[in-house]
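Some notes on the structure that comes next.
By written order: A, B, C and D. Residues from 1 in each chain.
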Amino acid sequence: MSKTASKRPDPGIAGSPGEPGLARRFAATRALSEALVAPLSEADACLQSMEDASPAKWHLAHTTWFWETFLLRDRRAGYRLFDDRYPYLFNSYYEAEGARHARCARGLLSRPSLVEILEWRAVVDRAMEDMLDDPALSLLIELGIAHEQQHIELLLTDIKHALFQNPLGPQMWESAPGPCAGGACAGGAEMGWHAHPGGVARIGHDGEGFAFDNEGPAHRVLLEPFTLADGLITNAEWDQFIADGGYRTASLWLADGWAWVNENAITAPLYWRGAERFTHTGWRERDPNAPVTHISQFEADAFAGWAGARLPTEFEWEAIARGQDAEGTPAAHDANAGNQLDRATPPDPRGGGDLFGDVWQFTSSAYLPYPRFRVAEGAVGEYNGKFMSGQSVLKGASCASVRGHSRASYRNFFYPHQRWQFTGLRLAKDL
Amino acid sequence: MSKTASKRPDPGIAGSPGEPGLARRFAATRALSEALVAPLSEADACLQSMEDASPAKWHLAHTTWFWETFLLRDRRAGYRLFDDRYPYLFNSYYEAEGARHARCARGLLSRPSLVEILEWRAVVDRAMEDMLDDPALSLLIELGIAHEQQHIELLLTDIKHALFQNPLGPQMWESAPGPCAGGACAGGAEMGWHAHPGGVARIGHDGEGFAFDNEGPAHRVLLEPFTLADGLITNAEWDQFIADGGYRTASLWLADGWAWVNENAITAPLYWRGAERFTHTGWRERDPNAPVTHISQFEADAFAGWAGARLPTEFEWEAIARGQDAEGTPAAHDANAGNQLDRATPPDPRGGGDLFGDVWQFTSSAYLPYPRFRVAEGAVGEYNGKFMSGQSVLKGASCASVRGHSRASYRNFFYPHQRWQFTGLRLAKDL
Amino acid sequence: MSKTASKRPDPGIAGSPGEPGLARRFAATRALSEALVAPLSEADACLQSMEDASPAKWHLAHTTWFWETFLLRDRRAGYRLFDDRYPYLFNSYYEAEGARHARCARGLLSRPSLVEILEWRAVVDRAMEDMLDDPALSLLIELGIAHEQQHIELLLTDIKHALFQNPLGPQMWESAPGPCAGGACAGGAEMGWHAHPGGVARIGHDGEGFAFDNEGPAHRVLLEPFTLADGLITNAEWDQFIADGGYRTASLWLADGWAWVNENAITAPLYWRGAERFTHTGWRERDPNAPVTHISQFEADAFAGWAGARLPTEFEWEAIARGQDAEGTPAAHDANAGNQLDRATPPDPRGGGDLFGDVWQFTSSAYLPYPRFRVAEGAVGEYNGKFMSGQSVLKGASCASVRGHSRASYRNFFYPHQRWQFTGLRLAKDL
Amino acid sequence: MSKTASKRPDPGIAGSPGEPGLARRFAATRALSEALVAPLSEADACLQSMEDASPAKWHLAHTTWFWETFLLRDRRAGYRLFDDRYPYLFNSYYEAEGARHARCARGLLSRPSLVEILEWRAVVDRAMEDMLDDPALSLLIELGIAHEQQHIELLLTDIKHALFQNPLGPQMWESAPGPCAGGACAGGAEMGWHAHPGGVARIGHDGEGFAFDNEGPAHRVLLEPFTLADGLITNAEWDQFIADGGYRTASLWLADGWAWVNENAITAPLYWRGAERFTHTGWRERDPNAPVTHISQFEADAFAGWAGARLPTEFEWEAIARGQDAEGTPAAHDANAGNQLDRATPPDPRGGGDLFGDVWQFTSSAYLPYPRFRVAEGAVGEYNGKFMSGQSVLKGASCASVRGHSRASYRNFFYPHQRWQFTGLRLAKDL
């Protein structure tokens, strides 16, 4: 591309939970979206490498459509759309909002240009200014911010997948020193466990602060005694699985997973090549002590069985994350420690103290509605509910998640074969 | 075909739960498999209309392979296989048993002939005679019987699908008078409900009698208050859903369901054509009061939402079926009342008294392992566990199920788009 | 299957050119169709192994539909169809005859049964009796006979392909001693050549005797000097091509052919396995001196280039076959010597004397209309003309062709990747 | 995009045949390639809308690879490649040049950037300067120029197809006044014909001036008497074909064409929408008197039959273009009159005087080697010969062809279903 690799933006600018004002978090989120696109050329920003992924420019536009549609158009008298043709182009999947451009053809939208999209963003941002302090809109604005934060993560994972297709192995950012230095790195540390005696656990969002509709209603779930690892599975451990023939042993796999392995000739996590892995800073040597990432639920499940363990349920994970009745004392229930994407030096996969962190963690739970879940009226009701079929729940957060975006009740979801997100694995066992 | 439509065999010969002896039930099950194939020509018995389905002859052979492999070969010294080449042809999906014929090509096995398969069956049956009284083998024999009963149901649904492809609309049996006559038919009866106050319910097989591994371990589940319909949704009710634009209203559907509807141009249940439906006795006028059948989980879910209700979870269904803490008094927890396949006159979809009966009922539950579920060692361990991904649980039994085959803890499972089984719908609501 | 392999019918009963009467040839052709099906079970006769192929029973029915439609229905007052539903089932591709059963689903027609089709054939044959002497119908009857002869060859190649899919390797006939015995076999004989000085050649059918419309109008073509091999390429020669890396050398292949080789992992002719080939009499050792067969035009072209030669044009082949201006003296211009399907002992691929014989020979010519070719009015006009796109011309005849069916002007045609016919190769060179 | 529509470059700069020097034509061709890309954004230049098409940037790069590989690398001692990784990215289909990037993934090459490709072009152009006067290289340089001219046409047709996918209907250039003005436009003029008495015609390139290998060797062909239209079929005539049900009448179509029409729901030429057509200057009203374009050979063939005519053979077309033995006196045999892409006002489709001009004209001839055609040694031998299967010959030139690029012996070729080139139709008839 015409740009040289630049420094990665500080994810902190998206606003941490400690920053109160909606207006400030709105601005920070909007700015982060744009900062991430800064190193991309016009062509980079238009790439779509598979139907699951979208171009970076499209993410910038779609998030803007969300604000323009559900806030400006719906809640502000007299607002005129920036361009009448944009809703057709940038609606993602909201049937209630009418016909839209085919998902698989988003990469063919060389126009509107990146500059035009940025102009649109500026216009929408200015128009939003007056609305950000309206208490009647605060929930919708929280949703808009959370929505854009989700697309920030998708933008990062989608562009990584797109650049990976290029034999030149382009880098989006220069390599940056990671937060983890010196002897603090716990590679090789022994795995600890958080035991839980079982019993009734309180699950789901309890009403304080913003949460997506799929995190509620809060309810009780009966758990059997179990224990949850305090660390994530590492690259070194995954290498052992491979060396032991994990990808060639049918008995380790779910039937659908075994078919997927064979049809796609899967032999390693996505982005692995020899001793390297592809990152936003290009091809890098893998750190054996870093958490394994870019694995599918099928792979996670096979590994867990090979290791004599299993995936946790989403309820088990949440119970430990909340510190309910558990022997261990996990502190965090509100956030990932920070967005630490593709660090040259990995974080400590064992030192945790909390369950969030570097990778989304596949659970064994299907993504289904909680008891008494109701889909909201109107287009916004399509946000989560209609995807409750065939997908699985992931808990935690990843290095690509915006700081403060996740929480103990957060339910991410993907199909069992998908692995272009920063997905990893934390083991559980029966007690 | 060269045979004229014949009378349908009495499913009672498969042995009801009251019949004690394994040997007697073994014989009855084996005989029922063969009786069902009697009206088929050699070509009928070789038909495979889609990859999900298998030829009738293949079912006869595969069930025989199961006995020959896991009983005669594994447990009987000196047994020699009837034909060394058959395991390759008739292993279904047991990776531990080695390579096998491609599933999609089962319909190309014009040989061995039906006669040769029946000869094999006779040889295996004779060899089995000595083993049927061995207590050490009784669990494995129970599994073999249950396995063959499952294939009996598949044989019936697969041949129905195959004959449906023929523009001549061939009939497998002559039309038979149904068990339901006169004013006893409850068409138009008002729907009753079984209310449940919520709380801890005991779920899963408790160890008495045979059950599949996926029905256990028994464990407790917390339920919210709910109510379950005492009747099944009828054809007449489904007609209303269609008339109200159900298949054209995106907001009623799960996203995957809506894609399925559009890609496959779905506008009605499978086998519907005008006011008729295709049955084993050919094209028949639909009875408005009969339970709707041959619907996918996607359709069931859309209908339920349209009706202001929802699908039950598998746990809710089981709790009512067991009569736990419920206001209604459902009697049955051990069987469907009888195999009443494609009756000209339908059963009473409202009169129930039990939840079993004419159709398998889609629940909202994903087919996942129960807590502490362990896959058994060896090939038999592949029976159920490896399919615990992407599928949904159905409860009850159908008119094609062998009498006595099902029970309250029974977990049938199919993908959400599949509908060539006798699948239907029972509504639930929150209380 | 339930039948044991039987003796192969004598193809001579189809009537040689020396047999004058239409009635006699009609009867012989109809009888040959049925004789070929005799060793097949009901299930064998229903097999369809790919969309290009049709079930044997379907061939029996389709040819009967042809007689019933174009002779009995169109030309005989008061004739009533045997079954009103059959035209929908057994029309192959005649748009003018209305909608029809999907080609890919012919294998799902387990009914009407083989017996029912044979009854239909008998009824049609009797009804045809009065018409066979009507001079006004003789051309149409000739067409019907030629049509049924083509389907006899297709029946043989289609059932071979279907039985090949069966891991049991079933045999349709017992092995029969071939016509070629003792020292007469010319394996290893040196290749001779028929030289031609070039100039104007007369091409196409000249009006005496029956020919398909695509063989005319007769016209002149300018040829450059060339020479045509007097023998066919043998299995031994093909083994050398393989040993020399022919299937791995991109430069030998047309671009479409190279793509085909790689997408389908082609490494040998169809039906080859180790040192064997699959035949109607099961798996047999390959004779190195037998003509290679079951090759695509892509393979034929690659081999020819590897051998320093090329494929002949259809015009060159015909000129030599007619003996026009050639130094050699090829005798035959009217027939293949006989239907010698899958002989245990091969014919002499070098001894020829004529160009017909064991395999259809791919030419380099595209299948296109001759100058002034006109498609006939009505459904019969769809017989050949509409296929003049994308296919290539083959000349000669094969061991599966009915004796007397071919001639020098005969133009067989298939797509360049197809090879389930008895296709082989005769080289040509420029002079 | 970030650029506004600009004026279209003058195609004359590519050098007309009157301009002698290779160096000058080299420079003009290289400059034209770049001038055409000038109005494109970085993202526009990276678009790939289907596997048949390539990104504009890729065309700039691939043509440069051709010069660098076959001239600089092969013929200049000590030349070092600009970038060792580029051959893998920008080799199109030359097997002899080794592995290469998948064709379908060219649109994912956001890098190297357009600027980097232009830098490479400049370096290669400078390096080429010394070689352009070397007589030993002149044939190879002529090939390189012709090659780049072919890619100029592909660049134009590929970017048109890509922009067409965008619902915004972007325009690449401002609308420009066309060369044809006033009463000279012959819309509605009566069709004239060039009659030919038949006989021996001289076909193929005769050795003077550059020609592709596939245009020779020159040889004689026997023609039957025929006549060729002096005008092209117009949009108005095509509208009549549509109005008469042309796309719904099976009997007009080749079997493969009819399948293509139905599978793709074809009802009009590509780029038609209502009364408009998509052009490089956006959506424009169709001129009824302009030649129809963007039709497949299937459509051309169906139209010709509907009109009581047929497609010409490539030999008939060439004989008339050369003025051999014809009653008419077509002047041109060396060029299309000029590159008049997407003119607002159409050229005169009847006034011709020559057969070249606005659209490539489908013939009925398959693209096959001429007698004694030999593929050249080495990678350059892959240029034309390996595509001689399954494609059809088009004659003439189009408004997107570089001036002077075509000639009477020129053989363009595409598959019968392809129509994103500027393809049209000239009728022929038997005499």
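Everything below uses one rule, namely that a residue touches a chain if its C-beta (ideal position, glycine included) is under 8 Å from a C-beta of that chain, and two chains touch if they have at least 3 such contacts.
Treat the numbers as computed from the prediction; the structure is a model and nothing was measured.
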Touching subunit C and also subunit D, the following chains: none
Greatest separation from subunit A - chain, by CA centre: C
Separation of subunit A from subunit C, taking each centre as the mean of its C-alpha atoms, in whole Å: 60
Gap in Å, rounded to a whole number, between the CA centres of subunit C and subunit B: 47
Overlap residues in subunit B, where contacts from two or more other chains coincide: none
Topology of the chain contact graph, where touching chains are joined (line, ring, star, complete, other): ring
Sites on subunit A touched by subunit D in the complex: 1-2, 41-47, 49, 57, 85, 88-89, 101, 105, 107-116, 162-163, 165-168, 170
Interfacial residue positions of subunit D with respect to subunit C in the complex: 93, 95-96, 200, 219-222, 224, 250-251, 253-258, 297-298, 301, 364-366, 368-369, 371-372, 381-382, 386-390, 416, 430
